[in-house]
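The structure that follows is given in the form of structure tokens.
Chain IDs A, B, C and D follow the sequence of writing; residue 1 opens each chain.
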Amino acid sequence: MGELIVFIIFATVALVSAIGMVLAKNPVYSAIGLLGAMFSIAVLYVLLDAHFVAAVQVIVYAGAVMTLFLFVIMLIGVDNREAYGPAVPAQRIMTAVVSIGLFAAIVLAGRAAWITGSNAFGTPDLNGTIENVSDELFGTWTVVFLSTVMLLTIAALGTIALAYFGTDVPDEEATL
Amino acid sequence: MSIFIEAAIRAVFVFGFLLVTVILLVWVERKFVSDLQNRVGPDRAGPWGILQTLADGMKSFFKESIRPTNVEVALFVAAPIIALMTALLIFMVVPIGAPVEINGTEYALVGADLNVGLLYVLALSSMAVYAIVFAGWASGSKYPLLGSVRASAQMISYEAAMGLSLVPVVLFAGSTSITTIVEQQQGTFLGVFPAWNIVLLPSFVIFLISGFAETNRAPFDLVEAEQEIVGGYHTEYSGFQFALFFLAEYIAVFNISALTAVLFLGGWSGPVFGPAWIAWVWPIGWFLLKTWAIVLFFVWVRASLPRMRYDHLMSFGWKKLIPVSLAWIILVAIAIGIRDFGLPWS
Amino acid sequence: MTLTISWFLILAAALFSIGVAGVLIRRNALVMFMSIELMLNSVNLTFVAVSRELGLIEGQVAALFVMVVAAAEVTIGLAIIVAVFRRKASANVDELAELRG
Amino acid sequence: MTDLLWILIALPLTGAFINIVFGKRIGEPLAGWLGFVLVGSAWAIAVVPTLGLLTGSGTPETIYLFSWIPVVGADAAILWDPLSALLTMIVTGVGALIHLYSIGYMHGDERFARFFGYLNLFIASMLILVLASNYAVMFIGWELVGLSSYLLISFWFKKPSAAAAGKKAFIVNRIGDWGFLVALMIIFASFGTFDFGVIFTTAPVVLTTGAATAITLLLFLGATGKSAQIPLYIWLPDAMEGPTPVSALIHAATMVTAGVFMMARSAVLFELAPISGVTIAVIGGATALLAAVIAVTQMDIKKVLAYSTISQLGYMVMGVGVGAYSAGVFHLSTHAFFKALLFLGAGSVIHGMADEQDMRKMGGLRKAMPVTFVTMTVGWLAISGIFPFSGFWSKDEILAATFQRGGPWLILWAVGILAALLTAFYMTRLYVLTFLGKPRWAEGTEPHESPWTMTLPLAVLAVAAVIFGVFNTPARLAFEHFLEPSFALISHAEPLDLPLAAVLALFALVVAIGGIAWSWFRYNRDELPVEEGGFWQRGLNGFAVDDLYGRVIVEPGKKVCEWFADSVDPKGIDGVSHGIAQGVRTAGDGLKTLQSGQVRSYAGGIAIGAVVLILAVLALGGGF
């Protein structure tokens, strides 16, 4: 019962934050909304006994990704509010229809291939501790893990390249 | 006793402990700096001015909180609270003494013993960035914004170095639980030297340096460099809200000191004397002694070193600290591999 | 009512749909990006929930990999946005509808 | 040990890569030494397993490397048997010596490193060819060898004649390759695989005599291209435009023997086609004789050797044609040594004479170039078939095998004897004109001995040319025993009785000595005989075979090509591609409105597509 309460609270927070993210006019509030959603998801991970993933979720998303977002928002100017008004006719309505249709389709598909609650909640088979996750990560998935290392290195190089080459336009932000 | 009530008691205790500590800490800093600078320092409120911090706190509490016109109200109000919250929450995982036995039950003297304790610390210290970013942005003014952009870049950079410097500690202890790390530092080498993690000297140094940067203390206090950007992110804050930032900063200093003591100087480990009913005090004493030593070191550095230039700060972080940490991680990993699995050819 | 895995999956589906809506409705590149992050997060939630349900740690490992990919993507994506902003002084994707730099 | 044999190919390939890509930075002497060391190490590595085969401690085997096109039985694998081992030893051994020689010979060339890159590439290609365990891989090696040969012939491509020679070699070889390719197609159609093991064990069951004849004649067409037989021999004399080490390595010792090797490898198939055997033997004999006659009239020292090579290759082909595969391969081995020796010696002479190749302007070089003189003497005696040098044994083997068939084959035997006579004659002519008599040098020429990097290979090859023949004296057929596992699937003729063999050998020896004596007294005098009659002129032109080909094949071919270029290409081919382009353009014009550049409309498309897909899957799977 306690778990259900926690779930309802944080699921609500996640949904509200996510909707807020989409609807907020100011990108900073969008970022805050996403931050809230990510935090709630981290709590839900704890609820699902995935402690390590939860910690990484906070460190990576809240700690690094969202900080970067905010950094960039501030770098390129927060007052740059987008002009509203649909580019495609009836865009909002179409968007609403498509999103709700997608949600319905996913739920329908899920119902067709639903997970058959084999584990009653509260009796976890596994514990998402660092030891358990890392056994799997460095055992079965070593090669994949190493390739993500490559991926990150390449991403870092690409970012540096983008920042270095392409400064032919005079820019005032670089002096920050 | 219900688990919720126990948790609440622990939280209240941690909060109170930190509050008292900070009041002391501000006074100690001012006194110590003035001694180093051949000044007298505060000496009016109470004996040796010991009540000065309380007086300042009262003053700011009753002062009017001025709110400039074009602030984003919600974030402007939330920022100092976030700052204080993260600072308080970090201390939750720091063990301040050996486990104590009351009525046959053993209680760990720690807010919460998490198996991902160190990750928790890193996660929360990355949260601390948001307080500064939000404060700077919500102020709707140029200098706070500049200060917060500086702050976010600086803290992200040094957090990477800090996280990397902790990896050898984790490798050494084989756990990310802070309690386990402290227990692993019990005992001695060769019967003489305490078995502290300070043997991981590069890690210790890097952790300490990035601790300065994370708490925006001199010589890395560019975030609030008066000569360039007035007060940085808290330029527009006043009264009680400013006091909250102030409080948060000093708690952060104490947190970093406590973490240094716990992770590298053996935490509460030390010799224990006397009968059983008094013996439990010793570990707490040792912990406080070590922590305050580091705090005094922080103050000493602040009084001694000038502020760094911003580009120097960034290149120092990325081009020196992080490569050194990486090299050190590799060395430690090899050493531990040899310790656990023997030499590769044996 | 008891908490079952379906709750998590429905929540993930809802978050995913909200993310899709964000991509479709917003024209600020940064917000579109955030919506994509939200979609990734909802998929992660599905992974972890199913991992809990089936008792397989692989789901959590997959979530970790998704996070790595997301981190890489954010790095590059934000760099691109900044680079574009330097040229166009705008983060509005509708103004980028041409093949000229 | 044998599972590391891929290193043999990898080493020269590495050298080729390094020298071609980084050659300019490595610089002059080092690039050459690199090539030499790599090929030399390949030889050293090959020695141990070869000795294993020789002593019987090793067995022939197929070493699987990786899967290439498993469906057609074409995996990258190494067939390690005595035949390939022998060829590997020759290719790497002679190759290494010639690398060493080239360090001296190519001194000062501006594309020094590039040359060694090509040489290494050639060695690697040749090893691929030799070590292949199926026809597909062998064909790759075959083509790579042709490529490196082309690169090396036209190495001095600034000389128009060299460029033309390279082109000619390439095109003429193409005709042979066409034959090889068609043969491969028939083989695949018949067997469904390219794998040697499967083909050779099942061939007697699968192939009819007709099919076997077709395959073998086409394979032989390929061999005439690579091994310079009638009618495709015309590229080899021109190939002498390449640097002399190239002539020695490729156009004497190794590549030209690829055809012989290929036929020996396919011995099982040739056994099934007696008509092909006759054809091959006759063409081989004819080539041997014709080339020998032309060689007699040549004045250029390298041309003489080139025609001599063709003639000797004719011998080998004749040996294969009469079914004496071991004898053919044996002559291939001995020839590799003494012909490489002769070419390198000629190169040394040319080097010492400041690039003079006309024998009329040489003479009396004995004193100026003592080492070259001594080693050339060995080569001369070996090729002339003088006892006990290696050429005597191997040539005699082929002649004996031909004689043994009896009947009409005796004519072929007589042709062979005649060719042997001419061989002794023209080699002596070359020898005498170059080294003996009075100097007839051009003004200002000062012959000098070559550096040690050039003379050392000469000495080593000379030793090999002397002793190698002993391995297969009629009395002690060690060589044949060694090769036996490679030819286990074909029947062997009984060796000749010793007395008869001895008589035949003696007869051949007498013929050779007669040729030498005739030539010696004709040329070893102060006044050179005048050789300007019709025979000599026509011989110098190679009996105008090139002109004949030009008139019969090249000119009509050009006409056909012009017709294609002028009418078929602009109207037919271009019309099709223009039509396709027009269609694509129209379609693009129609579709481009979809690409608005609006990211969100794309995203919307994706989202709608996802919904539709999910619903479709559910509908099809009955999920509702």
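Note that a contact is a pair of C-beta atoms (placed from the backbone, for glycine too) under 8 Å apart; a residue touches a chain by one contact, two chains touch by 3 or more.
Keep in mind it's a predicted model, so treat the numbers as computed, not measured.
Chain pair with the larger contact count among A-C and A-B is A-C, by C-beta pairs in contact.
Taking each chain's centre as the average of its CA atoms, subunit B and subunit C sit 33 Å apart.
Distance between subunit A and subunit C, defined via averaged C-alpha coordinates, is recorded as 5 Å. Rounded to whole angstrom, the centroid-to-centroid distance between subunit A and subunit B, based on C-alpha atoms, equals 29 Å. Note on chain placement: the centre of subunit A and the centre of subunit D lie 66 Å apart, centres being C-alpha means.
Counting partner chains per residue, subunit C shows two or more touched chains at residues 20, 24-25, 27, 94. Multi-chain contact residues, meaning those touching two or more other chains, occur in subunit D at positions 598, 600, 604, 607.
Counting partners per residue, subunit B has no residue that reaches two or more other chains. Interchain contacts give a graph that is no line, ring or star and is not complete, per the touch definition above. Of all possible chain pairs, the ones that touch are A-B, A-C, A-D, C-D. Against subunit C, the residues of subunit D that register as touching in their complex are 596-600, 603-604, 607.
By the touch criterion stated above, subunit C contacts subunit A in their complex at residues 1-11, 13-22, 24-28, 30-31, 33-35, 37-38, 41, 44-45, 48-58, 60-61, 63-65, 67-76, 78-83, 85-87, 90-92, 94. Only residues 87-88, 91, 94-95, 98-99, 101-102, 105-106, 108-109, 111-113 of subunit A touch subunit D when the two sit together in their complex.
Every residue of subunit B that touches subunit A in the complex is listed here, in rising order: 72, 75, 114-116, 119-120, 122-123, 126-127, 129-130, 133, 136-137, 145-146, 148-150, 152-153, 156, 159, 176.
Of all residues in subunit C, those touching subunit D in their complex are 20, 23-25, 27, 32, 93-94, 96-99.
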